[in-house]
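Below, each structure is written out as structure tokens.
Same chain, two partners: subunit A is paired with subunit B first, then with subunit C.
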Partner chain A sequence: MSAEEERFKLVVVGGGGVGKSALTIQFIQSYFVSDYDPTIEDSYTKICTVDGKETRLDILDTAGQEEFGAMREQYMRSGEGFLLVFALNDRGSYHEVQKFHTQVLRVKDRDDFPIVLVGNKADLEQQRVISREDAQAFASDNGIHYMESSAKNRYNVDESFLELVKIIRRFQEMESTPPAAHHTGKQKSGGCPCVLL
Partner chain B sequence: MPSRDSYEVHQEEKSLVQKAKREANQEDILAAALGMRMGPQKPPATFWQPLKLFAYSQLTSLVRRATLKESDRMPKSEKVHNFKVHTFRGPHWCEHCASFMWGLMAQGVKCADCGLNVHKQCSSLVPNDCKPDLRHIRKVYSCDLTTLVNAYNTARPMVVDMCIREIESRGLKSEGLYRISGFSDSVEEVKTAFDKEGEKTDISVNAYEDINIITGALKLYLRDLPVPIISYDAYPRFIEAAKFTDPEKKLEAVREALALLPPSHSDTLKYLMAHLKRVTQDEKFNLMNAENLAIVFGPTLMRAPDLDAITALNDIRYQRQVVELLIKNEDVLF
Partner chain C sequence: MCESLDELEMDDYWKEVENITRSVGEAGRGEGGGEGEVQEEEQHKIPEEGEQEEAWLAEAGLTRLFDDTLAADQDQEEDSAVFLSTLTRTQAAAVERRVTTVQQTLLRRRNRQHVPDVRDIFRPPEKDEEPSKFEKGSENGQKEVTSAETETELNLEVAFSEQALSYRDNHQRLKVTTGPNSPDDKLPNFKLLRDKTGQTRIGDLSPLDMKKVRRLVLVEMTALFDTAGIDLKAHKAVKVKSKESGLFGVPLATLLDQDQRRAPGTKVPIIMQRLISHIEEEGLNTEGLLRIPGAATRIKSLCQELESSFYDGMFPWQQLKQHDAASLLKLFIRELPHPLLTVEYLSAFIAVNKLPTKKQQLQALNLLVLLLPEHNRDTLKALVEFFQRVIDHQAKNKMTLNNVSVVMAPNIFMFKGFRSKVTEQQEFSMATSTANIVRLLIRYQNLLWTIPKFIVTQVRQHNMESQRKQNKERAVRKLLKKITTEKPSDKAVPEESSQGFIRVQAPQFSKVSMAVHLTEELQAADVLTRFLSQDSPVAVKQEELYLYEIGGNIKERCLDGETYMKDLFHLNPSAEWVIKAVQ
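Moving on to the complex of A and B:
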């Protein structure tokens, strides 16, 4: 990477009411939004330092409802990294996020892409219906990173976003050095994000 | 959603063509039958259409049809036929020109709603007098609202009635009602069930425990309508209404716009809005106020007729305002 400013487009996706906006606003503005209005689409910018390097993040907070599905392909095409969010107390949202995962890969036409799976609402432990093991198994099968977070308690919020940044960096680095074809084959199997788990 | 878009364009085009043809139609047939021209206008179309008709040498049936049309000229419920290319088994005769439908495959077209069989060439001459027949309506989703309601002879589509009844029977206190998505595969399952089994579909708590699957199925039904609840014709008037700042004028403009909706659409809308009003009355539990519901139902009930992405995006704000207004003033508007 050159000396010019590093800049990533992150997209937060997931079913309705899982806490995408709560996570995003907690990350950007460090407070927990308690109002309950569905998002249509919001974008934020934040400059942060990851591994000693400054990065400018353009974060797109999207609508969870199927109603706004028309906009989905568009932002999926432009995103460089995805935070797939589901709620640990909502089985529907867990199934939904798996659909999103497939859709991202399809739009990107790739087998792997920088994605972090986030199980939100970890504070509602008593209402949990998705076990950590299940989600972790799904993530491992698909070579993506899994984290549990709580936007309310600011648990693993920054970590999720920053982890995604690290994964994007590694991914793009690998992308930018493809000429050694006989090499990459080996590197891909060993160097893709799944090994980092 | 390219498929839906293309469908809309197609529909619009078709209805325009049909309308024009229909006007020219009766005069043409008469002219053809009497072998003379009628009226002062003489575009090339009127000239060669009779020729084409003569080619079928079905003068008698044409005269019969022309006079018949003359007698029952009042179009009661004007509905465009939904012609699809069809392969008939055994000999068939065109129900418009009465001549034989030649060929082994794709001999003609069949109206998917009423089952009228005609030549492809004749399909454009048939008046918009489609009376949907239950036997021919195979689907519930993606079926035109007026068609469905006429076919089942109900005030509202059964998906709307059944889903709302089910949701209300389970109570309206579920958090994020209409906001939280149900598992999409289950929602699709409900859709398939409605298409196959109609009123017998089981959407009880035993079949689908998650209420968000039922709300999802209802929203999907409304989104799948070829013409949205707020019809394309009325759409601009609603958007204009939302732009008024004076609340009195706004309400008046919405009321005027509502009058433009087809009866089946306005009945369904009325029922739905009364239901959503009840949802807002449980806001303490479900956290869904009129504004939140309006965000979700904006694109469900309203779709911009033109496909310009920028306008569509700008309209989202107004769509929300319209639906919010409809929910809040449901009691005075309908």
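Moving on to the complex of A and C:
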């Protein structure tokens, strides 16, 4: 593996049965899993090209069930970007995802972090209980991106993951810019991202 | 046809011997019989008193026990100590007996003072109050053997030698006399006591652990024979002059080397595979297959023709008659410069007959198969598999298990020149006993090519013990360096076990890992199914994928599909679980 390779750890979180695995498998293997087998913790790897640059994604599909909550802290610590998934037809899952949001920021000890809020099951429009406006308002208040998706119809699936990759890149670029460099303005980081001390 | 192996049926054996003798006379190979005999003489040199035991200890990797010049080598010393700590009482007694002999010889020979005392090696058992897991197992086993008649039940968890010992003790106490060779020659259907942690076939373990298996098996086999008071005369293999290339009369290793250059991964000589497949292509229904010899005059020229044109692919197979092919196959086995069952163990294979029960015979054969070098083991397996396919057609070809065994026994046991060393009387008793061994090898091939659980358990103990010692050292070094790094993996193990799941990894898949809930029923095959239902690997065939147990107290073990994961997890809690293609 070359040292140049870009590699990100993405974590898919959210309540039970909102479609985390369906989204992940649709993204990785391009098909919709209809079986309802609760995940404990699965991980995937995929190489994709975002904005012309190749990236290896390690994607962690997590348990929605509360029983496995003990594992949360650990994956939250290692994750570099999070997909917070709820189901548009499930109010409980929407509240839960807000708790996940708080927890990520607490574990990371930051005010903001690369996160995309995903309202899944957009195909079940008749059963929708969370309006786009409400979700969008929550996202905007917290400075995160919001998307609606359907794992079943493969709608906004790749887009959600790729959007997260772009956000992580921007975030990490900001991070690698040394605070001391403030007075020289934003560095055009075309060269080496290393910080020479 | 009657299943008993009486003397009448041995007629075929003598006919086969006659055929062999004639083929030597007529088709006698270039080198001539005289030289062959001289070579044999060397091969069968019986070592001096003490020498045999020395060689045995060296093979078991226990040289240190009698040679104190090696004691300075700390690693080897520790390894010996770890190895000894895993032995059962009967196994340890077998080692002790040989150490004593060697020491007496050494003392007599050199009158040396600094030979380690046997009492220093085998201290009186201190930790009797706290028996190890294994000893507990053997006690259970003893009860089992005592309480119920388990002659056809195979217990693989208790060392065979321990079982044999309690069998012997019971029979002595109860004054039951059993003839050494009971007239009942019906071969029972042995029932395996179900092992929830899965069967370990030969090839499932890594070469590193297989080395330990070999050492343990050597000790165990000797211990088993010791319980019956059978002294195995080990023959030393002396290098003999043999052909460096060709097909007939070439050492198995040379032949396979040559074949592997043509077809990498070849485990059974191509010429033998080709002869077998030719016989099968001609149809297995032919009456008297393997029994009816080909024409001795033709065999000689066919043999030369094969030597010159086999590898060019120019040999006219379509003209080869089935019985001639069978004769060539038998000739190939006989002409091996070293017997297929090896010089070292040939007599041990024959001695199996002296064990008092069919079960013990089977157990001894199991150990002997494990002791064979890989080439010999694989080639022998291909043969017994073929014999079974012949037997499967017995309704048509009339070749029953007994018929095939009787006809093949002289070919397998009377390799080049061996007969000249055997008296007529010896040969007579050898006829029945060798046929019996071939019979057992064919009949129980599925049981024989596996590693008994107690051996795997002892390997696990060995690994745990050496790890414990290493960790101790490392801990001291760590303390000195005062490194305090928090390792997340240290926490993962207890967490996962308390959560009741295992993490299965599959590096070559796009789904690289999956946490699987551990239920009582979950088997290795289920884990594979779960994984494969969601992922389709591009370059791998599904039949070639297996779940492996890696690390913890085993280097690597390919899992039998029926392994119960929860039971195995308890046996090796820090193992990793990896799906990969079989090597």
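What we mean here is this: the second predicted complex is superposed on the first by the 176 of 197 C-alpha atoms of A that agree within 3 Å, B and C clash if a C-alpha of one lies under 4 Å from a C-alpha of the other, contacts with A are read in each partner's own complex, and residues count from 1 in each chain.
The rule is simple: a contact is a pair of C-beta atoms (placed from the backbone, for glycine too) under 8 Å apart; a residue touches a chain by one contact, two chains touch by 3 or more.
These numbers were taken from a predicted model, which means no experiment stands behind them.
S.K.: Looking at the overlay on subunit A, is there a clash between subunit B and subunit C, or do the two fit?
M.R.: Aligned on subunit A, subunit C clashes with subunit B.
S.K.: Have a look at where A:Glu148 lands relative to subunit B and subunit C in the superposition and call it first, second, both or neither.
M.R.: Once the two structures are laid over each other on A, A:Glu148 reaches no partner at all.
S.K.: Based on the superposed arrangement, let me know which partner A:Asp42 touches: subunit B (first), subunit C (second), both, or neither?
M.R.: second
S.K.: Taking the superposition on A as described, I'd like to know which of subunit B and subunit C A:Ala70 touches: first, second, both or neither.
M.R.: A:Ala70 sits against subunit B and subunit C alike.
S.K.: Return first, second, both or neither, reflecting whether A:Glu163 touches subunit B, subunit C, both chains, or no partner chain.
M.R.: A:Glu163: touches no partner chain.
S.K.: For A:Asp90 in the superposed arrangement: first (subunit B), second (subunit C), both or neither?
M.R.: first
S.K.: Quick check on the superposed pair: does A:Gly15 touch subunit B, subunit C, both, or neither? Answer first, second, both or neither.
M.R.: A:Gly15 contacts subunit B only, not subunit C.
S.K.: Using the touch definition from the top, say if A:Ile25 reaches subunit B (first), subunit C (second), both or neither.
M.R.: second
S.K.: Check the residue A:Glu80 against both partner chains and state whether it touches subunit B (first), subunit C (second), both, or neither.
M.R.: It touches nothing on subunit B or subunit C.
S.K.: Would you mind listing the overlap between the subunit B footprint and the subunit C footprint on subunit A?
M.R.: After superposing on chain A, subunit A residues 40, 67-68, 70 contact both subunit B and subunit C.
S.K.: Under the touch definition given earlier, write down the residues of subunit C that touch subunit A in their complex.
M.R.: 488, 491, 495, 499, 501, 503, 510-517, 534-536
S.K.: If you look only at subunit A, which of its residues touch subunit C in the complex?
M.R.: 25, 28-29, 33, 39-46, 58, 67-68, 70-71, 74
S.K.: Contact residues on subunit B for subunit A in the complex?
M.R.: Touch list, subunit B to subunit A: 1, 175-176, 179-185, 210, 212-213, 216, 219-220, 223, 287-288, 291-292, 295-300, 316.
S.K.: Using the touch definition from the top, list the residues of subunit A that touch subunit B in their complex.
M.R.: Touching subunit B from subunit A are residues 15-17, 36-38, 40, 64-70, 90-93, 95-96, 99.
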